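Common to both upcoming complexes is chain A, partnered first by chain B, then by chain C.
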Partner chain A sequence: MQVQEITGDDVLLDVRNLETHFFSEGSVTRAVGGVSFQVRKGETLGVVGESGCGKSVTSLSILRLLPKLTARTVGGEVRFRGRDLLKLSEGEMRKIRGDKIAMIFQDPMTSLNPVYTVGRQIAEAVEIHTGASRTEALAKAEEMLRLVRIADPERRVKNYPHEMSGGMRQRAMIAMALACSPELLIADEPTTALDVTIQAQILRLIVDLKERTGTAVMFITHDLGVVAETCQRVIVMYAGRIVEQASAVDLFARPMHPYTKALMRSVPDRRRGKERRLPEIPGIVPSLREAVIGCSFAPRCPRATKVCREKTPVLEEQGQDHAVACWHAHEVVSA
Partner chain B sequence: MCTYILRRMVSAIAVMAMVGIFIFVLLRLAPGDPAAIMAGRNATAEAIAGIREQLGLNEPLPVQFMLWVSSMLHGDFGTSIFSGRPVFELVLQRLEPTLSLSLMTLALSVTLGVSLGVLAAWRAGGLLDRTLTLFATLGYSVPVFVVGYFLVYLLAIGAGWLPVQGYVQIENGLGGWFAHLVLPTVTLSLPYIALIARITRASMLEVLSEDYMRTAAAKGASAYAMLVHHALKNAGVPILTVVGLSFAYLIGGVVLTETVFNIPGVGRMVVDAVNSRDYPIIQSVLIMVSGLYVLINLAVDLAYTLIDPRIRY
Partner chain C sequence: MLVLAGGGLLMLLVVLAVAAPLYAGDPEALDPFIRLQPPSGEHWLGTDNLGRDVLARTIYGARISLIVGLMSAFLAAIAGLTIGIIAGYLRSFDNLIMRVMDALMSIPTFLLAIALISLTGPGIGILIFAVALPETPSVSRLVRSVVLSVRERPYVQAAICGGARLPKVMLRHILPSTFAALMVQSATVCASAIMTEAGLSFLGVGVPPEIPSWGNMIASSRLYLATAPLTVLAPGVFLAITVLAVNLLGDGLRDLFDPRSRSR
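== the complex of A and B ==
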């Protein structure tokens, strides 16, 4: 049985069999190898996985922001409100970026242009997409800074990025992303580069603004704790593929893929006590340069059998909105 | 900022003093005696001695030096040994062609160099980029007089589109002025266009891979806005440095170009003065040029603050 297709008006983004490859001097890296998922209107979708599993490349492929010389999306569709973004011209794509789909990035220290004021950078998005004048756009920028709870926005709007702290800069990035009220916000590890105390504040801000604006959020993270706090649905990625997809509640209650289970075990838990060493996942993420035969997690999987090494498992529905790509899914649940 | 400018001014005075001593000593060490040249080939020893006395060349060198410095501080740059006219006046007369040539060269080099560099970085590795690299290597390695004579042969003598040499003052017609400046400007500009284009390309390539460029793209910024608005300003500091340096080297290039194209500018005047050992002209023009050089450097350093808000003095 294949994954059930959610159809109808509530689907905002429908990614089908997305494949993105990187090319470098004769070798091809299959960074994203056939990924399909959907984001519904107003929901928060978590995308989880280790570094190098293809989560960021997936998000950059959606907005077509990958470097043209080295990366290419070689297959699949990215349907946003029914239109395939991969088929749009560069000019049409620019109208989507920052207006319908906005993005915030991992490192707020380097993601803002150092030679322009923060206000002007937020205003730029408004000017591009609404045709507002510089003065109107700057007023909007100030309003956005107030919305993301930056104190003294009248003054901060004239600040350069180097005059702000990391947390404040990430707030400014969020203000920039939300300035044109996008329908989808892609947040690529938005709290990873921040102090732990600031992380919680930024997270709360995103969740809060999402509630107020009804924007759908695609939350890319390697932090399962963040997923548990913010997301309704989760996809787990490994080596450029989706290995499990479920509602957040279901995923934490009943993880079916051995990789998901391993990830959950490696999250620190206060109740477990201090003396126990945090379990890690043995082995390393496989190189994506060679074609994978069988399940790509098999070399690190305690349950791997002959079939795992010979045939690649496909994502299969295992109950209400819960799909997994594993030959031994049922044994994992019962274990 | 003000204290910074003041400090730079003080160090400028020290620099000028050293330049002054250097020029003075160098000239006196060079072979050749202006009195002998002035007196002519068949002059008697007494006649030459008389001229030496008259020009003050018999004073001890330190006295000659102090006299020169103190008169300069009073705004007197001396009088030419041969024409007997004040050096300052002579320079003013010759300033227009030199200024026209320098400023037009600078304008052409900066606009063309920066635009070509930006385009090459935008299409890095492409046909345009590789063509520009080849052009830049040529432009930088072929000397002014070779390019100059080649262009004269091709466009002036061969095609007859442009005057071969000479100069027409602005007041005698803008068309003639411009036509006479085209070949010298192009000739003089080539190495600077090449240099500025290469630096712009390298600096732009570095900036284009920065995270904030991706942010700008994610906002929906156009290719033009990305390149010119977001990238070029960030790439500006090294470009400005090279433009400032180019202006300094330009002074040397102007001398050569004025000779090749027979333009009656300050450069030619200095060359003539060197040939006839007209010490006051050489000394004073060199001092003025080094003063200009110090000022340009200061202006470039101050201009950095306009480009990058993180730079503060």
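== the complex of A and C ==
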């Protein structure tokens, strides 16, 4: 049985067989190799995986922000409210970026332009998409800063980025992203560059704002803890493909892919005691330059058999809204 | 510190040059009876081979040097900035533009300037253009390299992600980051433009001979170096001081914009 398709008005973003390749002298890197998933209105979708698994490239492909000379989306569709974003003109795409789909980047230290005040940068997006005057846009910027709970917003709008702390800058980035009330917010590791206490605050802020504004969030992270706290549904990516897709509750209760299981096992657990070494996943991520034959996780998988090395498993529905791409999914669950 | 020293010196020279008519004598007044005289109460730095006051000519000469130096630096900076930003941001033009700049760079400065001036005849306008043109490639290269690194910064990506148009991204997010490097480079260009102007005037292709300029003063007096050394030394020393002031200013600006280089 194929992955059940969710249709109707419920789906905000429908990505089908997205394939993005990077081209460099003579070689092709298949960064994203046929990814399909959906984001429903108002939900939080977690995208998990280790570095280089294609999480960020997927999000950049959706917004068409890949470096033009080296990367290209070679196949698939990205349907946003029914329109294929990959077929839009650059001008139409610009109207979507920042207005309908906004993005928060990983590093708040470098994502704000050091030569303009924070207020002006938030106002810029507002001016572009709503045609508001400078004064109106600045008022909106102040309102947004208040929304993201920055103390003293009247004063802070006039601050330059260097006058703010990392956590405040990330709040400002969130304010900027939400200024035009986007329908989809892509958060690419928004808390990775922050320290733990600030991380928690920022996460809570995103979840809170999401609930208030009804924005759907695509949460890209390598932190399973973040996923558990914030997401309704989760996609696990490995080597440019989706290996498992499930509701967050289900995924943590019943991981079906050996990779997902291994990832969960390598999260530190206080109850496990000091003396036990933290399990790691042996081996390294396969090179995406060569065409993968069979399951790309097979070389690192303890359960790999002949079929794994010969045939690539497809994502198949294994239960209520739980899909997995593994030949041995049922053995993993029962193990 | 360097900025103050260089800037102060340069300001002093500018004030001296601008206020010249108020205190210096007539730089063009000939008096064949007092040729090549040593310094005196009337002519502080003596007179040249046509009996003209060396001090007055030197001070009026500063006007030419400063005008040509500053204007060419300004022109080269504007041209280099425009070319560099286009080449750095619109990568499809990059190769073409930079190869043209390479070609321009491969022509010796003086040859290019002399060729240009011989097309129209001497004049301040063409001199400024002829001095600025060979300096443009170095500025555009520098600006391009800054643009190449800045365009990859997350805040530029964030601006594009926010839906900003290309001209807006270029003018608002990339242009300001090039200013620091541009100002430092402009000072260097200015110093070298002053030298080029003096060289061209010395060769007789710079400003017309009736206008006093350090280059043509040195050229016309070099035969009398043994009998009246000040006729050559005065413009020479002023030239050195001016170039030094501009260079100090440039170094100071560099330190100011890039604190890490101060320790070196």
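As a working rule, the second predicted complex is superposed on the first by the 335 of 335 C-alpha atoms of A that agree within 3 Å, B and C clash if a C-alpha of one lies under 4 Å from a C-alpha of the other, contacts with A are read in each partner's own complex, and residues count from 1 in each chain.
Everything that follows uses one rule, which is that a contact is a pair of C-beta atoms (placed from the backbone, for glycine too) under 8 Å apart; a residue touches a chain by one contact, two chains touch by 3 or more.
Keep in mind the model is a prediction, meaning the values are calculated, not measured.
In this superposed model built on chain A, chain B and chain C take up the same space, so to speak, and clash.
Shared-chain residue A:Asp99: touches chain B and chain C both.
By the touch criterion defined above, A:His129 lies against chain B and chain C together after alignment on the C-alpha atoms of chain A.
Once the two complexes are overlaid on the shared chain, A:Val115 sits against chain B and chain C alike.
After overlaying the two complexes on the shared chain, residue contacts for A:Tyr160 are found with chain B alone; chain C is out of touch. In the superposition on chain A, no contact is made by A:Glu142 with either chain B or chain C. Shared contact residues of chain A with chain B and chain C: 63, 65, 69, 94-99, 102-103, 105, 107, 110-116, 124-125, 128-129, 173, 176. Within the complex formed with chain B, the residues of chain A that make contact are 63, 65, 69, 94-99, 102-103, 105, 107, 110-116, 124-125, 128-129, 160, 162, 173, 176-177. Across the complex, chain B meets chain A through its residues 124-125, 210-212, 214-222, 225, 230, 233-234, 307-310.
By the touch criterion stated above, chain C contacts chain A in their complex at residues 91, 153-165, 168, 172-173, 176-177. Per the touch definition, chain A reaches chain C in the complex via residues 63, 65, 68-69, 94-99, 102-103, 105-107, 110-116, 124-125, 128-129, 173, 176.
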